[in-house]
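Structures are listed in the sections that come next.
Shared between the two complexes below is subunit A, which has subunit B as its partner in the first and subunit C in the second.
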Partner chain A sequence: MQVTVDGTAVQVSDGATVLEAAKRAGSWVPTLCFDERQAPFGACRACMVAVDGSAKPVPACTTLCREGMVIDTTDPTARRVATAVVELVLSELPSAPAPHTELAAVAAKLGVEGPRWPGATHPVAHDLRHPYLAFEHELCISCGRCVRACDEVQGTFALTAVGRGFEANVAAGIGSGFLESACVSCGACADTCPTDAITERLLLDGGNNGGPPPDAPRLRRRLSTN
Partner chain B sequence: MSRNLVELIRRHDQAAAPTALDLLKAAAERHGSVTADDVRDAAAASGLPEATVYGVATFYDDLNEPRGDRHVRACSGTACFAATAGRHIAELGAGLGLDVDGVKGDGSVSFGEVVCLGFCHSSPAVIDGRTVVAGADAVQTVLAGAPAPAAEPDWVSLLEQPVLTRSGDWSGLARALRELEPEQLLAEVEAAEVRGRGGAGFPAGVKWRFTRAATGADKFIVANGDEGDPGSYIDKYLMERNPQLVLEGMALAGYAVGAAHGYILVRSEYPLSKPTLDATIAKAHADGWLGSDIQGSGFDFDITVVEGAGSYVVGEETALLACLQGLRGTVSARPPFPAERGVHGMPTVVNNVETLANIPYIALRGAQAYHDLSPDTKTAGSKLVCFNERFSRPTVYEVPFGMSMRRLCDEVAGGMRDGHTVKALQIGGPLGGILPAHLLDTAFDFEPLAAHGCMVGHGSIVAFDEDMDMRALTVHLLEFGAHESCGKCFPCRIGLRRAHEMFSAGTPVDRERFEQLLETLELGSLCAHGSGMPAPLRSLLTHFADELGLAS
Partner chain C sequence: MDTERFDRTVTTTCGYCGVGCRLEAHVRQGRILSISPASDGPANRGHTCLKGRFAHQFTRSRERLTTPLIREAGELRPASWEEAYARIASELGRIKRDHGPDAIAGLASSRATNEDCYAMARLMRAAIGTNNIDNCSRVCHSPTSFAMRKSFGLSGATGSFDDIDHADVAILIGVNPTQGHPVVGARIKQAALRGCKLITIDPRRIELADYGALHLSPRPGTNAAVVLGLCHVVARDGLTDADFIAQRTTGYEALAELLGSYTPEAVEEITGIPAADIERAAHMYAEAGSASLLWGLGVTEHKYGSEVVQLLCNLALMTGKVGKPGSALLPLRGQNNVQGSSDMGALPDTYTAYRPVSDEATARQFEQAWGVPLSRRKGYTIPQMFDAAIAGDLKAMYIFGEDVAQTDPDTAHVVEALENLEFLVCQDIFENETSKYADVILPASSFLEKAGTFVNAERRFQLVEPAIDPPGGARTDFEIITTVSKLLGHDMGFQTPWDCLDEIARLTPQYAGVSRERIGRHGLQWPVRPDGSDSPVLYDTFFDNPEELGKFAALPYKEPGDAADDEFPLILVTGRVLQHYNAGTMTRRTNNVELVDRDVLEVHPQDAAKLWVSDGDLVSLRSRVGRIELEAHVTERIQPGHVFTTFHFPETRTNLLVGQSADVNTSCPEYKVVAVDVRPVSEHPAYVPQLAVV
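Up next, the complex of A and B:
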């Protein structure tokens, strides 16, 4: 079927999402909980766009295209909501996300300022017992990408969402950490994490000796600077 | 909802095993809390991964409150708040010598809050073990250590031909099995234009049509009895006073869409609902109205009752399906809709219990008779409404659509008690707008209420009297909103927390920033919890701005 994204007509297949159409058209849509290797989740609400001139924006990742749909990824209302959502997410972190993270990149591209709504932040809690994976829980934004990577990509089910409301977070095993969970150290969770809440540890970072958390930009910085 | 987990549950369910949530609830009942060993055992018995079951254990209120041998909880619902402004919670805690979520050192007594026990007609309410005590002296009675179960007033019908307060007698199912093909019954329900009674008002016939047309090895009917709206006790009355009518509606839905099994999910805050429904199901089996080859028709239908564990958002249909299957009660994005992928990934109808209770009448008398019930409006059928303790005659009433709110309050519920006056009403639950006294001539119907930012919702009518502190009410509503956010979508998870922080800090609130937050919640949230919470807050801003402590 054919849809129009920001004035550009694109062909998409039946069942395609608005987000897929936008990508095909080369339009940028902010996302935080989306990973193309995983089923759409619809949690972060950063991917709001306008369709068919409606005043009420829709999430691009879970809205299906219809023949002739007109999609506006830069609709002011949709963009205002997306920006507010990212501003809220930043406000729950005790410190700003590292510049190389997906969250920081999305926030920068949206021009997020603020916070207009400061308040409680997540308590700092580090689990550094696992030799290859570090979990800094205060950086978790409950996007569910790690949980779904472990479920849909790896099939290990070592991770789960825990808690409710603002206290929601992610835990491995029975809240016991990666080391005492079904984790097979595949690293899919760290790979998809948009905030570096879960990162791969390198031997250079201190290995499994339980040392302090290494400086945030780890594996990817090393790769990009090599 | 994870497709992998749902498939694991489907395969395991062939052995009719209890869900992970059932097992965790049983463990918490046994020894007061859920331990790591309980999680491992529940995982092994349910066939789910340990981490998944741990996630379930951390989600539900009933699994996370510290519990002593005697567990006493004060109702924190909106009707009880309207009655005491929260004083009963403080008094009960002081009397027990415990803070909220506190346990005596020897483990003998614990104290907590519970979001609405459905005794809104007799607020305040307290539950001591499984005994609900309610009324002005509830706290003293509980502290005296001799709790007696509170009485519940009879319901009343204003209709000559009651639909919902008429005791179920299987006559609608009998007629359908005898005279109507499933397609004819479905067409009749479509023609009756039954709008969902749970809050959203979605046409039931549309859900049924999609489910009937969907392909699946099995299909299911799910009755949503998770009446979490503080101030509502309509479904409680239906499930406990007229359970047969609800079951009959479920069986009719099964007949129309081609489902052989139904589930009904009830709240744990209504301890009598599950046993009442279970007993009614057993009798229906004995009488040949449920089970195989019902009344020799060849139609098979059975019903399982599942009890929740303390979560408001589980009343949302995708969260309900997750809870029913023993998972965390979080919302899933649609599509897929339950009509396509519901219980066990199979096509499923999810209807509120009151919606389903309308069906036997339609099966028996047809769509036109159903339309004729509310002659003053285009809206079809009748509605159950319930009033809070601030009224003189609070109970559940079956009313036609279209009466003015003033007539409902003054003539039906007898006006306010003890010479009090109405300051405002919250209609239809916590996501319903607040109607100030000067708009009481508004008709009780979908469109007229919507014009004032209000809704029919589930039909509860909670009055606040002249003494209500509207800023305190705002904090009350936001505390509920933030506590009950399932945590899945970002606007609701963080936004309701921030809104609560803005008003509970005791400092002036910047109206513009607050309204920007409301827009984010309203337009950004995944489900009606986050997108609906702004409605009453906007009403308060519109009608009571000078009482909210806004920055000048």
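Up next, the complex of A and C:
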């Protein structure tokens, strides 16, 4: 079928999502909970776009295309929602996400700088018991990508979403850490995490592994608070 | 690319198992800082396992060989490359002069690139003048190669891993993918969660059995009876594809006659699998719209391993389940390039693409290309090399990328052979059990330090690109092998491995369209036609033999080479775990040892009770040829009467226990059936434990 994205006509197959159409048309849509290795989830609300006939913006990752649909990825209302979502997410973090993370890239592209809402941030909580995988729980934005990577890509079901509201976070097993869980150390969770809430220990303590990366002082500081 | 943290990122192909994950290696200050999966990898599709992703610390281990070592007055000492090369050239030259070229043998490595293996084969054939060249596929999937060539024509999987996504039913026999081939294991698990029915056949209850529809636990060494039983039910209940048998195959009548006696009840008697389960499995497979067969070393490493693969081919031919989407035969190859090393002709009887050394036209073609006369006589296989060394006929060996004293069966026999050699060259990244007997040790490169190609278990050529430099004075295998050849008077004329790949394509019709550019990021599945089009599916219209027909093989069940008796009442099966890779040369030098730091012996609780063994006890494990000690792990994963262990840690020396029994067609060792006696070593038993004979 044919749809129009930001004035460009593109052909998509039946069942294609608005996000796929936008990618095909070369239009950028901000996403946080999306990973093309996983089924669309629709949790983060960053991928809002306008489509003709809908009074409100719709999430691009879970909305299916229909014949002749007209999609506007730069609609001001949709962008305002997306920007507010990212700003709210950032407001819960105790420090800015590292520049290489997907969250930092999305925030930069949307022009979100510091959050305007001071207040409670997630308490710093690190788990470095596994030789390769590290939790930095304070960076978790509950996008669910790690949990779905473990379920849908690896099939090990070692990770779980825990807590509610502001307390929402991720845990391996029943909070026992990677080593005591069913984890097979594949690293799919660290690979998909958009904030480094789960990351590779070798990237954290770079010293053991090719010299410290440029953002090491920040990371060292985080480690020292453990 | 993430320039903030990394100096550069190189896309390459994993050097661990045969899945062939495409990886992004991130480099900083000349070292690997991180590895992530390539999102467009055809086999791994953005995923990889803990070995591919994390187990790269070995590249910068302090134990890496960084300078050649040569033996002088009984001791190894550091030497310059010139000294090492001079010693090799003079010794190999002397032995060739005094004893003839057949007194020298070489081993290529299934861990190395196609170009390394091709160059090694050319070194032995053209520079030395012998067909004494083999590689470690001898001890793993040579039976698969032999059988698939007999039944279908070509030595490789009939389809791709993508067929798993399209299969309604999959039979997994003698393979434990979530441990040995983790990314394919994950793909199978996802397929099972989407509704693909799995039938697992293994003496151990493997993880995927928990996701499957049916698990069959045969006694080790009785696979042939299991498959014959499945075929019997298919034939008896009219589940065959009569049109396919009539039009595409030959030899069915003889098989049909043989099958008559393999009733489910008879098979239950031999295998211990309930007759009803054989019936169910046969119906599930034959009635499925599409069904695939996957197997591993649990099928091949037996006395009649190659025959079992032929029987599996029978099952697919009877039901017409080959050459169609979702209906593929997928042998899961163990090592990253076990397919390619054999494809490249690093075998004693074949040139590239399995063309016999005795074939006059092929031999002439290579004589013309290489400018030297070539032997038409088959060389020694690996086990024959050791026998010849002990007999005194083989005087020198050049082994690269393989630790035969650790991984080959009957360690005592291998060591005797190595000690008997006049001259041994080992080329590796670490010193190992084999190099203890070497006269010259050459420091070589890991897969992250070299260029070339691997062929994965789907017959897919994939590019290998260097991410980092070899450490210290180490050099790439390709440079070393081509230099040695030049010093022996045969200049191969290659500047880079890519020149070698071009020669392989030029001299091999099946790889005619292969080139570095065409392989690109997505690979090419052989046969590759001159226009560069490749072959994801084989045999969709014809089989690759002169008659173009699939060949049935009427092969009866025969007893394995070893059996439990009063003295050795338990059957030992050996295998791998997820966290380590084969001899552990690489993974033991990474933090993977924090996850698993020893080999253990799995014992069923019933046997443990009879033997007075508790979880964690040290036990003695004795076979007809050797004895080792290790820690017992009491678990219901294993059946009563069987025990299981891995062979990742050299101090365990599991292969001391394995005897000389081997596949009748390919001499692949029978690693999977070893009768043993187990008892606690902490105290002397007051009585000899009585076990039921299995």
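Here, the second predicted complex is superposed on the first by the 198 of 226 C-alpha atoms of A that agree within 3 Å, B and C clash if a C-alpha of one lies under 4 Å from a C-alpha of the other, contacts with A are read in each partner's own complex, and residues count from 1 in each chain.
The rule is short, and it goes like this: a residue touches a chain if its C-beta (ideal position, glycine included) is under 8 Å from a C-beta of that chain, and two chains touch if they have at least 3 such contacts.
This is a predicted model, so every value here is computed, not measured.
Looking at the shared chain after the overlay, A:I141 reaches subunit B, while subunit C stays out of its contact range.
By the touch criterion stated above, A:V162 is placed in contact with subunit B alone, subunit C being left untouched. With both structures placed on the common chain, the touch criterion links A:T17 to neither subunit B nor subunit C. More residues of subunit A lie in contact with B than with the other chain of the pair subunit B and subunit C.
In the superposed pair of complexes, A:T73 makes contact with neither subunit B nor subunit C.
Using the contact criterion defined above for the overlaid structures, shared-chain residue A:E152 touches subunit B and also reaches subunit C.
In the superposed pair of complexes, A:G187 makes contact with subunit C only, with no contact to subunit B.
In the superposed model, A:P99 lies in contact with subunit C only, and not with subunit B.
In the superposition on chain A, A:T31 makes contact with neither subunit B nor subunit C. Within the superposed three-chain model, A:T195 lies out of touch with both subunit B and subunit C [touch as defined at top]. Comparing the two complexes, residues 152, 155 of subunit A contact subunit B in one case and subunit C in the other. For subunit A in complex with subunit B, the touching residues are 32, 39-46, 48, 56-57, 59, 61-62, 64, 77, 80-81, 84-85, 88-89, 91-92, 116-117, 119-120, 141-142, 144, 148, 151-152, 155, 157-168, 171-176, 181-182. Against subunit A, the residues of subunit C that register as touching in their complex are 2, 4-5, 27-34, 36-37, 39, 45-50, 53-54, 57, 178, 182, 186, 189-190, 193, 578-579, 591-592, 594-595. Residue ranges on subunit A touching subunit C, taken from their complex, read 36-37, 99-100, 131-132, 152-155, 179, 184-188, 191, 200, 202-203, 206, 209-211, 213-215. The touching residues of subunit B, counted against subunit A in their complex, run 2-5, 36, 39-40, 49-52, 54-55, 58-59, 311, 328, 330, 332-335, 482-491, 493-498, 501-502, 513, 516-517, 519-520, 523-526.
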